[in-house]
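What follows is a set of structures for review.
Presented sequentially are two complexes of chain A, the first with chain B as partner and the second with chain C.
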Partner chain A sequence: MTELFAAALFVFVLVTALATAALRDVLGVVVVFAAYSLGTALFYAFLLAPDVAMTEAAIGAGVTTLLLLLTLAKTVRPTPDQWLERPNLPALAVFGALFVVLVATVVEFPAVGEPGVMWDNPGVTQYYIENAYEDTGVENAVTAVLAGYRGFDTFGEAVVVFSAGIASLIVLRQVVFTRE
Partner chain B sequence: MIPGLSGDLVTQVFLLVATLLMVLAVAVFYRAVKGPTTQDRVLAVNVLGTNTVVVLALLAEGLGEPSLLDIALVYALLNFLMAVAISKFTVERGGVL
Partner chain C sequence: MLETLANRYTYVLFALLLVVGLYMVVASSNLVKKIIGLNIFQTGLFLFFVTTAFVDGGSSPVIPKEADAGAAFASPLPQVLVLTAIVVGVALTAVALALVIRIYDAYGTLDEKTLREVRTDE
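So, the complex of A and B:
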(Lines of atoms letter the chains of each structure in order from A and count residues from 1; the text may use other names and numbers.)
(Lines give C-alpha, C1' and ligand atoms only; values in the text may rest on other atoms or scores of the structure.)
Protein backbone atom coordinates (compact mmCIF):
# COMPACT_ATOMS: atom_id res chain seq x y z
CA MET A 1 0.00 0.00 0.00
CA THR A 2 2.88 2.39 0.73
CA GLU A 3 4.17 1.82 -2.81
CA LEU A 4 0.75 2.74 -4.21
CA PHE A 5 0.70 5.94 -2.15
CA ALA A 6 4.25 6.78 -3.27
CA ALA A 7 3.20 6.32 -6.90
CA ALA A 8 0.19 8.64 -6.50
CA LEU A 9 2.33 11.24 -4.72
CA PHE A 10 4.99 10.96 -7.42
CA VAL A 11 2.42 11.60 -10.17
CA PHE A 12 1.09 14.64 -8.26
CA VAL A 13 4.57 16.18 -7.75
CA LEU A 14 5.47 15.52 -11.40
CA VAL A 15 2.25 17.14 -12.69
CA THR A 16 2.66 20.20 -10.45
CA ALA A 17 6.32 20.63 -11.45
CA LEU A 18 5.45 20.40 -15.17
CA ALA A 19 2.60 22.90 -14.72
CA THR A 20 4.91 25.34 -12.89
CA ALA A 21 7.37 25.17 -15.76
CA ALA A 22 4.78 25.38 -18.54
CA LEU A 23 2.29 28.04 -17.38
CA ARG A 24 2.66 31.48 -18.97
CA ASP A 25 0.81 33.70 -16.48
CA VAL A 26 3.26 34.77 -13.74
CA LEU A 27 0.63 35.07 -10.99
CA GLY A 28 -0.68 31.63 -11.98
CA VAL A 29 2.85 30.21 -11.65
CA VAL A 30 3.12 31.63 -8.10
CA VAL A 31 -0.12 29.86 -7.14
CA VAL A 32 0.74 26.58 -8.88
CA PHE A 33 4.21 26.59 -7.29
CA ALA A 34 2.53 26.56 -3.86
CA ALA A 35 0.80 23.29 -4.88
CA TYR A 36 4.20 21.86 -5.89
CA SER A 37 5.54 22.81 -2.46
CA LEU A 38 2.65 20.91 -0.83
CA GLY A 39 3.62 17.81 -2.82
CA THR A 40 7.29 17.98 -1.86
CA ALA A 41 6.41 18.50 1.83
CA LEU A 42 4.28 15.36 1.64
CA PHE A 43 7.26 13.55 0.10
CA TYR A 44 9.54 14.58 2.98
CA ALA A 45 6.89 13.48 5.47
CA PHE A 46 6.42 10.16 3.64
CA LEU A 47 10.19 9.52 3.70
CA LEU A 48 10.10 10.13 7.50
CA ALA A 49 12.01 13.43 7.56
CA PRO A 50 9.53 15.43 9.66
CA ASP A 51 11.95 18.29 10.35
CA VAL A 52 12.56 18.92 6.65
CA ALA A 53 8.82 18.63 5.95
CA MET A 54 8.15 21.19 8.70
CA THR A 55 10.64 23.62 7.12
CA GLU A 56 9.09 23.08 3.68
CA ALA A 57 5.65 23.74 5.19
CA ALA A 58 6.72 27.04 6.73
CA ILE A 59 8.77 28.18 3.71
CA GLY A 60 6.50 26.91 0.94
CA ALA A 61 3.11 27.81 2.40
CA GLY A 62 4.20 31.13 3.89
CA VAL A 63 7.41 32.79 2.84
CA THR A 64 7.93 31.86 -0.83
CA THR A 65 4.49 32.96 -2.01
CA LEU A 66 4.74 36.25 -0.09
CA LEU A 67 8.24 36.97 -1.45
CA LEU A 68 7.22 36.21 -5.06
CA LEU A 69 4.07 38.33 -4.71
CA LEU A 70 6.10 41.21 -3.22
CA THR A 71 8.46 40.98 -6.20
CA LEU A 72 5.47 41.04 -8.57
CA ALA A 73 4.02 44.05 -6.74
CA LYS A 74 7.31 45.99 -6.97
CA THR A 75 7.85 45.15 -10.67
CA VAL A 76 5.47 44.71 -13.60
CA ARG A 77 3.37 41.66 -14.37
CA PRO A 78 3.37 40.98 -18.11
CA THR A 79 -0.07 40.17 -19.49
CA PRO A 80 0.00 36.59 -20.81
CA ASP A 81 -0.54 36.29 -24.56
CA GLN A 82 -1.09 32.52 -24.45
CA TRP A 83 -1.98 29.88 -21.88
CA LEU A 84 1.19 27.74 -21.99
CA GLU A 85 4.83 28.57 -22.51
CA ARG A 86 6.35 27.45 -25.81
CA PRO A 87 9.07 24.88 -24.97
CA ASN A 88 12.66 26.03 -25.42
CA LEU A 89 14.36 23.27 -27.43
CA PRO A 90 18.03 23.84 -26.36
CA ALA A 91 16.93 24.04 -22.70
CA LEU A 92 14.93 20.82 -23.18
CA ALA A 93 18.05 19.12 -24.60
CA VAL A 94 20.17 20.22 -21.60
CA PHE A 95 17.42 19.05 -19.25
CA GLY A 96 17.25 15.68 -21.05
CA ALA A 97 21.01 15.17 -20.62
CA LEU A 98 20.83 16.09 -16.92
CA PHE A 99 17.84 13.77 -16.49
CA VAL A 100 19.74 10.83 -18.00
CA VAL A 101 22.74 11.49 -15.71
CA LEU A 102 20.53 11.78 -12.60
CA VAL A 103 18.56 8.60 -13.40
CA ALA A 104 21.81 6.71 -14.04
CA THR A 105 23.02 7.85 -10.59
CA VAL A 106 19.79 7.16 -8.70
CA VAL A 107 19.54 3.59 -10.03
CA GLU A 108 22.88 2.85 -8.33
CA PHE A 109 21.62 3.98 -4.89
CA PRO A 110 20.60 1.39 -2.31
CA ALA A 111 16.85 1.26 -1.64
CA VAL A 112 15.38 3.53 1.04
CA GLY A 113 15.49 1.82 4.43
CA GLU A 114 17.52 -1.12 3.14
CA PRO A 115 19.21 -2.75 6.16
CA GLY A 116 22.95 -3.12 6.33
CA VAL A 117 23.80 -0.26 3.98
CA MET A 118 26.23 2.30 5.43
CA TRP A 119 26.30 5.09 2.93
CA ASP A 120 29.71 6.55 2.05
CA ASN A 121 31.35 6.47 5.52
CA PRO A 122 30.51 3.32 7.50
CA GLY A 123 32.39 4.19 10.71
CA VAL A 124 30.85 7.62 11.24
CA THR A 125 27.34 6.43 10.33
CA GLN A 126 27.57 3.57 12.81
CA TYR A 127 28.81 5.96 15.53
CA TYR A 128 25.88 8.33 14.99
CA ILE A 129 23.36 5.49 15.02
CA GLU A 130 24.74 4.06 18.26
CA ASN A 131 25.57 7.21 20.23
CA ALA A 132 23.31 10.00 18.92
CA TYR A 133 20.74 9.64 21.70
CA GLU A 134 23.22 9.45 24.61
CA ASP A 135 25.34 12.32 23.26
CA THR A 136 22.62 14.82 22.39
CA GLY A 137 19.35 13.54 23.89
CA VAL A 138 17.58 13.98 20.52
CA GLU A 139 15.55 11.00 19.30
CA ASN A 140 15.82 11.73 15.57
CA ALA A 141 19.38 10.94 14.42
CA VAL A 142 19.22 13.40 11.50
CA THR A 143 18.18 16.24 13.82
CA ALA A 144 20.90 15.20 16.27
CA VAL A 145 23.57 15.52 13.56
CA LEU A 146 22.14 18.81 12.29
CA ALA A 147 21.65 20.59 15.61
CA GLY A 148 24.06 18.69 17.87
CA TYR A 149 27.19 17.37 16.16
CA ARG A 150 27.42 20.16 13.59
CA GLY A 151 25.66 22.76 15.68
CA PHE A 152 28.20 25.54 14.96
CA ASP A 153 27.81 24.92 11.22
CA THR A 154 24.03 25.20 11.50
CA PHE A 155 24.47 28.30 13.67
CA GLY A 156 26.58 29.88 10.90
CA GLU A 157 23.84 29.08 8.37
CA ALA A 158 21.27 30.66 10.66
CA VAL A 159 23.41 33.82 10.89
CA VAL A 160 23.61 34.01 7.08
CA VAL A 161 19.84 33.56 6.70
CA PHE A 162 19.18 36.14 9.45
CA SER A 163 21.42 38.78 7.85
CA ALA A 164 19.83 38.09 4.44
CA GLY A 165 16.41 38.66 6.02
CA ILE A 166 17.56 41.94 7.62
CA ALA A 167 19.07 43.08 4.30
CA SER A 168 15.88 42.36 2.33
CA LEU A 169 13.82 44.17 4.98
CA ILE A 170 16.07 47.25 4.59
CA VAL A 171 15.74 47.12 0.78
CA LEU A 172 11.93 46.74 0.93
CA ARG A 173 11.64 49.63 3.39
CA GLN A 174 13.77 51.88 1.17
CA VAL A 175 11.49 51.30 -1.82
CA VAL A 176 8.48 52.26 0.30
CA PHE A 177 10.25 55.44 1.50
CA THR A 178 11.11 56.62 -2.02
CA ARG A 179 7.51 56.18 -3.13
CA GLU A 180 6.10 58.35 -0.35
CA MET B 1 -7.84 2.02 16.97
CA ILE B 2 -11.34 0.86 16.09
CA PRO B 3 -12.39 -2.15 18.22
CA GLY B 4 -13.20 -5.39 16.39
CA LEU B 5 -10.78 -4.73 13.51
CA SER B 6 -7.19 -5.92 13.28
CA GLY B 7 -4.64 -3.08 13.49
CA ASP B 8 -2.99 -4.06 10.23
CA LEU B 9 -6.25 -3.80 8.27
CA VAL B 10 -6.98 -0.38 9.73
CA THR B 11 -3.48 0.81 8.78
CA GLN B 12 -4.02 -0.42 5.22
CA VAL B 13 -7.33 1.42 5.02
CA PHE B 14 -5.70 4.66 6.22
CA LEU B 15 -3.01 4.34 3.56
CA LEU B 16 -5.57 3.47 0.89
CA VAL B 17 -7.64 6.57 1.69
CA ALA B 18 -4.47 8.70 1.61
CA THR B 19 -3.68 7.26 -1.84
CA LEU B 20 -7.20 7.99 -3.13
CA LEU B 21 -6.96 11.58 -1.82
CA MET B 22 -3.63 11.95 -3.65
CA VAL B 23 -5.27 10.78 -6.91
CA LEU B 24 -8.10 13.27 -6.32
CA ALA B 25 -5.50 15.98 -5.69
CA VAL B 26 -4.40 15.65 -9.33
CA ALA B 27 -8.02 16.23 -10.38
CA VAL B 28 -8.24 19.32 -8.15
CA PHE B 29 -4.98 20.55 -9.59
CA TYR B 30 -6.56 20.63 -13.07
CA ARG B 31 -8.55 23.69 -11.93
CA ALA B 32 -5.35 25.35 -10.65
CA VAL B 33 -3.70 24.93 -14.07
CA LYS B 34 -6.67 25.69 -16.27
CA GLY B 35 -7.85 28.73 -14.32
CA PRO B 36 -9.14 30.77 -16.06
CA THR B 37 -9.16 33.43 -13.32
CA THR B 38 -6.65 33.78 -10.49
CA GLN B 39 -9.46 33.25 -7.97
CA ASP B 40 -10.07 29.76 -9.42
CA ARG B 41 -6.39 28.94 -8.99
CA VAL B 42 -6.18 30.23 -5.42
CA LEU B 43 -9.29 28.29 -4.44
CA ALA B 44 -7.92 25.11 -6.04
CA VAL B 45 -4.59 25.40 -4.18
CA ASN B 46 -6.47 26.15 -0.96
CA VAL B 47 -8.39 22.89 -1.41
CA LEU B 48 -5.05 21.15 -2.06
CA GLY B 49 -3.72 22.58 1.21
CA THR B 50 -6.67 21.17 3.15
CA ASN B 51 -6.17 17.90 1.28
CA THR B 52 -2.52 17.88 2.39
CA VAL B 53 -3.54 18.33 6.05
CA VAL B 54 -5.86 15.31 5.81
CA VAL B 55 -3.28 13.18 3.97
CA LEU B 56 -0.62 14.04 6.57
CA ALA B 57 -2.96 13.05 9.40
CA LEU B 58 -3.77 9.76 7.62
CA LEU B 59 -0.07 9.11 7.01
CA ALA B 60 0.68 9.75 10.70
CA GLU B 61 -1.68 6.90 11.55
CA GLY B 62 -0.84 4.71 8.55
CA LEU B 63 2.94 4.90 8.98
CA GLY B 64 2.80 4.97 12.78
CA GLU B 65 4.59 8.32 12.98
CA PRO B 66 2.73 10.72 15.30
CA SER B 67 5.29 13.48 14.60
CA LEU B 68 3.67 13.98 11.17
CA LEU B 69 0.66 15.42 12.99
CA ASP B 70 2.80 18.46 13.91
CA ILE B 71 3.40 19.15 10.20
CA ALA B 72 -0.34 18.80 9.57
CA LEU B 73 -0.92 21.42 12.28
CA VAL B 74 1.62 23.80 10.72
CA TYR B 75 -0.15 23.46 7.35
CA ALA B 76 -3.56 23.98 8.91
CA LEU B 77 -2.25 27.20 10.49
CA LEU B 78 -0.47 28.52 7.38
CA ASN B 79 -2.99 27.49 4.72
CA PHE B 80 -4.88 30.80 4.72
CA LEU B 81 -1.74 32.93 4.15
CA MET B 82 -1.55 32.58 0.38
CA ALA B 83 -5.25 33.23 -0.15
CA VAL B 84 -5.07 36.42 1.94
CA ALA B 85 -1.86 37.61 0.25
CA ILE B 86 -3.19 37.07 -3.30
CA SER B 87 -6.55 38.62 -2.44
CA LYS B 88 -4.78 41.75 -1.16
CA PHE B 89 -2.52 41.68 -4.21
CA THR B 90 -5.44 41.65 -6.67
CA VAL B 91 -7.65 44.13 -4.80
CA GLU B 92 -5.06 46.79 -3.90
CA ARG B 93 -2.11 46.54 -6.25
CA GLY B 94 1.18 46.43 -4.35
CA GLY B 95 -0.30 45.76 -0.92
CA VAL B 96 0.71 42.23 -0.04
CA LEU B 97 1.64 42.37 3.64
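So, the complex of A and C:
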Protein backbone atom coordinates (compact mmCIF):
# COMPACT_ATOMS: atom_id res chain seq x y z
CA MET A 1 0.00 0.00 0.00
CA THR A 2 2.75 2.48 0.96
CA GLU A 3 4.73 1.37 -2.10
CA LEU A 4 1.73 2.12 -4.28
CA PHE A 5 1.30 5.55 -2.68
CA ALA A 6 5.00 6.34 -3.11
CA ALA A 7 4.88 5.26 -6.76
CA ALA A 8 1.81 7.43 -7.39
CA LEU A 9 3.54 10.45 -5.79
CA PHE A 10 6.71 9.80 -7.82
CA VAL A 11 4.76 9.70 -11.08
CA PHE A 12 2.66 12.77 -10.20
CA VAL A 13 5.66 14.94 -9.28
CA LEU A 14 7.64 13.80 -12.32
CA VAL A 15 4.78 14.31 -14.80
CA THR A 16 3.96 17.80 -13.49
CA ALA A 17 7.67 18.78 -13.58
CA LEU A 18 7.97 17.57 -17.19
CA ALA A 19 4.74 19.38 -18.09
CA THR A 20 6.11 22.70 -16.77
CA ALA A 21 9.15 22.22 -18.99
CA ALA A 22 7.16 21.16 -22.07
CA LEU A 23 4.15 23.50 -22.09
CA ARG A 24 4.51 26.73 -24.01
CA ASP A 25 1.69 28.83 -22.52
CA VAL A 26 3.16 30.59 -19.45
CA LEU A 27 -0.15 30.76 -17.56
CA GLY A 28 -0.57 27.01 -18.08
CA VAL A 29 2.96 26.48 -16.76
CA VAL A 30 2.19 28.50 -13.60
CA VAL A 31 -0.94 26.44 -12.92
CA VAL A 32 0.88 23.13 -13.46
CA PHE A 33 3.70 24.38 -11.23
CA ALA A 34 1.18 24.98 -8.40
CA ALA A 35 0.04 21.36 -8.75
CA TYR A 36 3.70 20.29 -8.74
CA SER A 37 4.33 22.16 -5.47
CA LEU A 38 1.37 20.42 -3.90
CA GLY A 39 2.76 17.08 -5.07
CA THR A 40 6.14 17.76 -3.50
CA ALA A 41 4.41 18.86 -0.27
CA LEU A 42 2.63 15.48 -0.17
CA PHE A 43 5.99 13.81 -0.81
CA TYR A 44 7.57 15.60 2.18
CA ALA A 45 4.64 14.58 4.39
CA PHE A 46 5.11 11.00 3.20
CA LEU A 47 8.82 11.21 4.15
CA LEU A 48 7.97 12.14 7.78
CA ALA A 49 8.52 15.87 7.40
CA PRO A 50 5.12 17.44 8.18
CA ASP A 51 6.63 20.85 9.00
CA VAL A 52 8.40 21.02 5.65
CA ALA A 53 5.20 19.84 3.91
CA MET A 54 3.13 22.62 5.50
CA THR A 55 5.69 25.27 4.61
CA GLU A 56 5.92 24.01 1.02
CA ALA A 57 2.13 23.93 0.65
CA ALA A 58 1.75 27.45 2.02
CA ILE A 59 4.80 29.07 0.42
CA GLY A 60 5.53 26.94 -2.66
CA ALA A 61 1.98 26.34 -3.80
CA GLY A 62 0.54 29.54 -2.29
CA VAL A 63 2.90 32.51 -2.20
CA THR A 64 5.08 31.57 -5.20
CA THR A 65 2.04 30.96 -7.41
CA LEU A 66 0.58 34.29 -6.30
CA LEU A 67 3.85 36.09 -7.13
CA LEU A 68 4.03 34.40 -10.55
CA LEU A 69 0.42 35.32 -11.36
CA LEU A 70 1.01 38.92 -10.25
CA THR A 71 4.06 39.07 -12.54
CA LEU A 72 1.99 37.77 -15.46
CA ALA A 73 -0.69 40.37 -14.72
CA LYS A 74 1.92 43.15 -14.66
CA THR A 75 3.73 41.98 -17.79
CA VAL A 76 2.54 39.89 -20.70
CA ARG A 77 1.25 36.43 -21.48
CA PRO A 78 2.55 35.72 -24.98
CA THR A 79 -0.04 33.95 -27.12
CA PRO A 80 1.56 30.59 -27.90
CA ASP A 81 1.92 29.72 -31.57
CA GLN A 82 2.11 26.05 -30.70
CA TRP A 83 1.08 23.83 -27.80
CA LEU A 84 4.47 22.46 -26.74
CA GLU A 85 8.01 23.87 -26.56
CA ARG A 86 10.38 22.83 -29.30
CA PRO A 87 13.05 20.59 -27.69
CA ASN A 88 16.52 22.14 -27.43
CA LEU A 89 18.68 19.20 -28.49
CA PRO A 90 22.15 20.40 -27.29
CA ALA A 91 20.73 21.21 -23.85
CA LEU A 92 18.93 17.84 -23.77
CA ALA A 93 22.21 16.05 -24.56
CA VAL A 94 24.19 17.91 -21.87
CA PHE A 95 21.58 17.42 -19.15
CA GLY A 96 20.99 13.82 -20.20
CA ALA A 97 24.70 13.24 -19.57
CA LEU A 98 24.39 15.04 -16.21
CA PHE A 99 21.48 12.74 -15.30
CA VAL A 100 23.57 9.66 -16.05
CA VAL A 101 26.36 10.99 -13.81
CA LEU A 102 23.90 11.79 -11.00
CA VAL A 103 22.30 8.35 -11.16
CA ALA A 104 25.74 6.71 -11.11
CA THR A 105 26.35 8.60 -7.83
CA VAL A 106 22.91 7.89 -6.39
CA VAL A 107 23.35 4.13 -6.78
CA GLU A 108 26.11 4.28 -4.15
CA PHE A 109 23.83 5.88 -1.54
CA PRO A 110 22.18 3.79 1.17
CA ALA A 111 18.59 2.79 0.35
CA VAL A 112 15.80 5.22 1.18
CA GLY A 113 14.82 4.98 4.85
CA GLU A 114 17.53 2.52 5.85
CA PRO A 115 17.80 3.33 9.55
CA GLY A 116 20.86 4.96 10.95
CA VAL A 117 23.10 5.37 7.93
CA MET A 118 23.24 8.90 6.63
CA TRP A 119 22.33 11.04 9.59
CA ASP A 120 23.23 8.67 12.40
CA ASN A 121 25.49 11.24 13.99
CA PRO A 122 25.09 10.98 17.77
CA GLY A 123 26.67 14.40 18.20
CA VAL A 124 23.83 16.24 16.52
CA THR A 125 20.74 14.29 15.49
CA GLN A 126 20.62 12.00 18.51
CA TYR A 127 21.36 14.91 20.83
CA TYR A 128 18.43 16.91 19.44
CA ILE A 129 16.08 13.93 19.64
CA GLU A 130 17.05 13.07 23.21
CA ASN A 131 17.33 16.53 24.74
CA ALA A 132 15.00 18.81 22.74
CA TYR A 133 12.17 18.59 25.24
CA GLU A 134 14.34 19.05 28.33
CA ASP A 135 16.30 21.93 26.85
CA THR A 136 13.51 23.91 25.22
CA GLY A 137 10.19 22.56 26.50
CA VAL A 138 8.89 21.93 22.96
CA GLU A 139 7.82 18.46 21.85
CA ASN A 140 8.35 19.21 18.17
CA ALA A 141 12.10 18.80 17.64
CA VAL A 142 12.00 20.77 14.37
CA THR A 143 10.59 23.81 16.15
CA ALA A 144 13.12 23.36 18.96
CA VAL A 145 16.04 23.38 16.52
CA LEU A 146 14.60 26.19 14.37
CA ALA A 147 13.82 28.64 17.15
CA GLY A 148 16.04 27.35 19.94
CA TYR A 149 19.33 25.69 19.04
CA ARG A 150 19.66 27.49 15.71
CA GLY A 151 17.77 30.65 16.54
CA PHE A 152 20.51 32.85 15.12
CA ASP A 153 20.28 31.07 11.76
CA THR A 154 16.56 31.80 11.73
CA PHE A 155 17.36 35.43 12.52
CA GLY A 156 19.71 35.45 9.52
CA GLU A 157 16.88 34.03 7.41
CA ALA A 158 14.60 36.85 8.56
CA VAL A 159 17.31 39.34 7.55
CA VAL A 160 17.45 37.75 4.08
CA VAL A 161 13.67 38.00 3.67
CA PHE A 162 13.73 41.62 4.84
CA SER A 163 16.50 42.52 2.38
CA ALA A 164 14.61 40.76 -0.41
CA GLY A 165 11.55 42.88 0.39
CA ILE A 166 13.62 46.08 0.34
CA ALA A 167 15.32 45.01 -2.92
CA SER A 168 11.96 44.30 -4.60
CA LEU A 169 10.66 47.71 -3.50
CA ILE A 170 13.73 49.47 -4.89
CA VAL A 171 13.51 47.61 -8.19
CA LEU A 172 9.79 48.20 -8.57
CA ARG A 173 9.75 51.81 -7.33
CA GLN A 174 9.72 53.31 -10.82
CA VAL A 175 7.18 50.87 -12.22
CA VAL A 176 4.69 51.12 -9.38
CA PHE A 177 4.93 54.68 -8.12
CA THR A 178 5.59 56.83 -11.18
CA ARG A 179 2.85 55.36 -13.34
CA GLU A 180 -0.05 55.66 -10.91
CA MET B 1 20.25 -2.74 -11.04
CA LEU B 2 16.54 -2.01 -11.32
CA GLU B 3 15.98 -3.03 -7.70
CA THR B 4 18.88 -0.84 -6.57
CA LEU B 5 17.23 2.11 -8.28
CA ALA B 6 13.77 1.24 -6.93
CA ASN B 7 15.18 1.25 -3.38
CA ARG B 8 16.56 4.73 -4.04
CA TYR B 9 13.52 6.13 -5.83
CA THR B 10 13.58 9.53 -4.11
CA TYR B 11 17.24 9.98 -5.06
CA VAL B 12 16.34 9.14 -8.67
CA LEU B 13 13.52 11.69 -8.54
CA PHE B 14 16.01 14.18 -7.07
CA ALA B 15 18.32 13.64 -10.07
CA LEU B 16 15.40 13.96 -12.51
CA LEU B 17 14.15 17.20 -10.94
CA LEU B 18 17.63 18.76 -10.95
CA VAL B 19 17.98 17.95 -14.65
CA VAL B 20 14.49 19.19 -15.58
CA GLY B 21 15.02 22.42 -13.62
CA LEU B 22 18.41 23.13 -15.19
CA TYR B 23 17.05 22.30 -18.65
CA MET B 24 14.27 24.87 -18.15
CA VAL B 25 16.76 27.53 -17.02
CA VAL B 26 18.88 26.99 -20.13
CA ALA B 27 16.36 26.10 -22.84
CA SER B 28 13.27 28.24 -22.12
CA SER B 29 13.39 31.61 -23.81
CA ASN B 30 10.71 33.09 -21.51
CA LEU B 31 12.20 34.68 -18.37
CA VAL B 32 9.29 33.65 -16.10
CA LYS B 33 9.73 30.03 -17.18
CA LYS B 34 13.43 30.24 -16.34
CA ILE B 35 12.55 31.28 -12.77
CA ILE B 36 10.06 28.41 -12.50
CA GLY B 37 12.88 26.09 -13.61
CA LEU B 38 15.05 27.46 -10.80
CA ASN B 39 12.25 26.63 -8.35
CA ILE B 40 12.03 23.05 -9.63
CA PHE B 41 15.80 22.66 -9.22
CA GLN B 42 15.39 23.87 -5.65
CA THR B 43 12.60 21.47 -4.71
CA GLY B 44 14.73 18.63 -6.10
CA LEU B 45 17.45 19.52 -3.59
CA PHE B 46 14.88 19.79 -0.78
CA LEU B 47 13.70 16.30 -1.63
CA PHE B 48 17.29 15.06 -1.25
CA PHE B 49 17.64 16.62 2.22
CA VAL B 50 14.27 15.37 3.43
CA THR B 51 15.14 11.87 2.20
CA THR B 52 18.38 11.82 4.19
CA ALA B 53 16.32 12.57 7.32
CA PHE B 54 13.78 9.81 6.60
CA VAL B 55 13.84 6.59 8.64
CA ASP B 56 11.76 3.63 7.49
CA GLY B 57 9.22 2.72 10.17
CA GLY B 58 10.07 5.79 12.23
CA SER B 59 7.86 8.73 13.06
CA SER B 60 8.05 12.45 12.41
CA PRO B 61 10.34 14.35 14.81
CA VAL B 62 7.64 15.24 17.33
CA ILE B 63 8.96 13.60 20.44
CA PRO B 64 6.54 12.89 23.28
CA LYS B 65 7.64 13.66 26.84
CA GLU B 66 7.89 9.98 27.72
CA ALA B 67 9.56 8.64 24.58
CA ASP B 68 10.54 4.97 24.37
CA ALA B 69 14.30 4.58 24.29
CA GLY B 70 14.22 2.49 21.09
CA ALA B 71 11.76 4.57 19.06
CA ALA B 72 13.07 5.80 15.72
CA PHE B 73 12.51 9.40 14.64
CA ALA B 74 13.28 11.26 11.44
CA SER B 75 16.25 13.58 11.93
CA PRO B 76 15.09 17.14 12.67
CA LEU B 77 18.26 18.83 11.42
CA PRO B 78 17.92 18.41 7.60
CA GLN B 79 14.24 19.33 7.93
CA VAL B 80 15.14 22.61 9.64
CA LEU B 81 17.69 23.37 6.91
CA VAL B 82 15.01 22.77 4.27
CA LEU B 83 12.49 24.98 6.11
CA THR B 84 15.00 27.84 6.06
CA ALA B 85 15.85 27.17 2.41
CA ILE B 86 12.18 27.25 1.32
CA VAL B 87 11.70 30.71 2.83
CA VAL B 88 14.97 32.03 1.38
CA GLY B 89 13.96 30.52 -1.97
CA VAL B 90 10.69 32.42 -2.09
CA ALA B 91 12.53 35.65 -1.21
CA LEU B 92 14.88 34.97 -4.13
CA THR B 93 11.95 34.29 -6.46
CA ALA B 94 10.32 37.56 -5.40
CA VAL B 95 13.43 39.62 -6.26
CA ALA B 96 13.83 37.77 -9.58
CA LEU B 97 10.22 38.43 -10.54
CA ALA B 98 10.57 42.11 -9.57
CA LEU B 99 13.53 42.32 -11.95
CA VAL B 100 11.43 40.61 -14.65
CA ILE B 101 8.69 43.24 -14.25
CA ARG B 102 11.34 45.96 -14.50
CA ILE B 103 12.83 44.38 -17.65
CA TYR B 104 9.37 44.24 -19.24
CA ASP B 105 8.85 47.89 -18.31
CA ALA B 106 12.10 48.91 -19.99
CA TYR B 107 12.11 46.67 -23.09
CA GLY B 108 8.50 45.56 -23.60
CA THR B 109 9.36 41.87 -23.92
CA LEU B 110 10.13 38.84 -21.77
CA ASP B 111 11.58 36.74 -24.57
CA GLU B 112 15.31 36.14 -24.25
CA LYS B 113 16.01 36.23 -27.99
CA THR B 114 14.01 39.41 -28.63
CA LEU B 115 15.74 41.01 -25.63
CA ARG B 116 19.14 40.23 -27.11
CA GLU B 117 18.13 41.82 -30.43
CA VAL B 118 16.78 44.93 -28.72
CA ARG B 119 19.96 45.25 -26.65
CA THR B 120 22.26 45.04 -29.71
CA ASP B 121 20.16 47.61 -31.59
CA GLU B 122 20.71 50.20 -28.87
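FYI, the second predicted complex is superposed on the first by the 161 of 180 C-alpha atoms of A that agree within 3 Å, B and C clash if a C-alpha of one lies under 4 Å from a C-alpha of the other, contacts with A are read in each partner's own complex, and residues count from 1 in each chain.
Here, a residue touches a chain if its C-beta (ideal position, glycine included) is under 8 Å from a C-beta of that chain, and two chains touch if they have at least 3 such contacts.
Keep in mind that this is a model prediction, so the values were computed, not measured.
Superposition note: with chain A as the common reference, chain B and chain C can be accommodated side by side. Of the two partner chains placed around the shared chain by superposition, neither chain B nor chain C is touched by A:Val159.
Partner contacting the larger number of chain A residues, of chain B and chain C: C.
Once the two complexes are laid over each other on the shared chain, residue contacts for A:Leu72 go to chain B and to chain C alike. Of the two partner chains placed by superposition, only chain C is touched by A:Val103; chain B is not.
When the two structures are aligned on the shared chain, A:Leu48 is found in touch with chain B and with chain C.
In the superposition on chain A, A:Thr125 contacts chain C only, with no contact to chain B. Shared-chain residue A:Val15: touches chain B; no touch with chain C. In the superposed pair of complexes, A:Leu146 makes contact with chain C only, with no contact to chain B. In the superposition on chain A, A:Ala34 makes contact with chain B only, while chain C stays out of contact range. For the pair chain B and chain C, the least inter-chain C-alpha distance in the overlaid model is 8 Å. Shared contact residues of chain A with chain B and chain C: 30, 48, 50, 70, 72, 74.
The part of chain A that touches chain C in the complex is made up of residues 6-7, 10, 13-14, 17-18, 20-21, 26, 29-30, 33, 36-37, 40, 43-44, 47-52, 55-56, 59-60, 63-64, 67-68, 70-72, 74-76, 78, 85, 87-88, 91-92, 95-96, 98-99, 102-103, 106-107, 109, 111-116, 118-119, 124-125, 128-129, 132-133, 139-142, 144-146, 150, 153-154, 157, 160-161, 163-165, 167-168, 171-172, 174-175. Listed in rising order, the residues of chain B touching chain A in the complex are 12, 15-16, 18-19, 22-23, 25-26, 29, 32-33, 35, 38, 41-42, 44-45, 48-49, 52, 55-56, 59, 62-63, 65, 67-68, 70-71, 74-75, 78-79, 81-82, 85-86, 89, 93-97. Chain A meets chain B in the complex at residues 1-2, 4-5, 8-9, 11-12, 15-16, 19, 23, 25, 27-28, 30-32, 34-35, 38, 41-42, 45-46, 48, 50, 53-54, 57-58, 61-62, 65-66, 69-70, 72-74. Against chain A, the residues of chain C that register as touching in their complex are 4-5, 7-24, 26-28, 30, 32-33, 35-37, 39-40, 43, 46-47, 50-65, 72-80, 82-84, 86-88, 90-95, 97-102, 104-105, 109-111.
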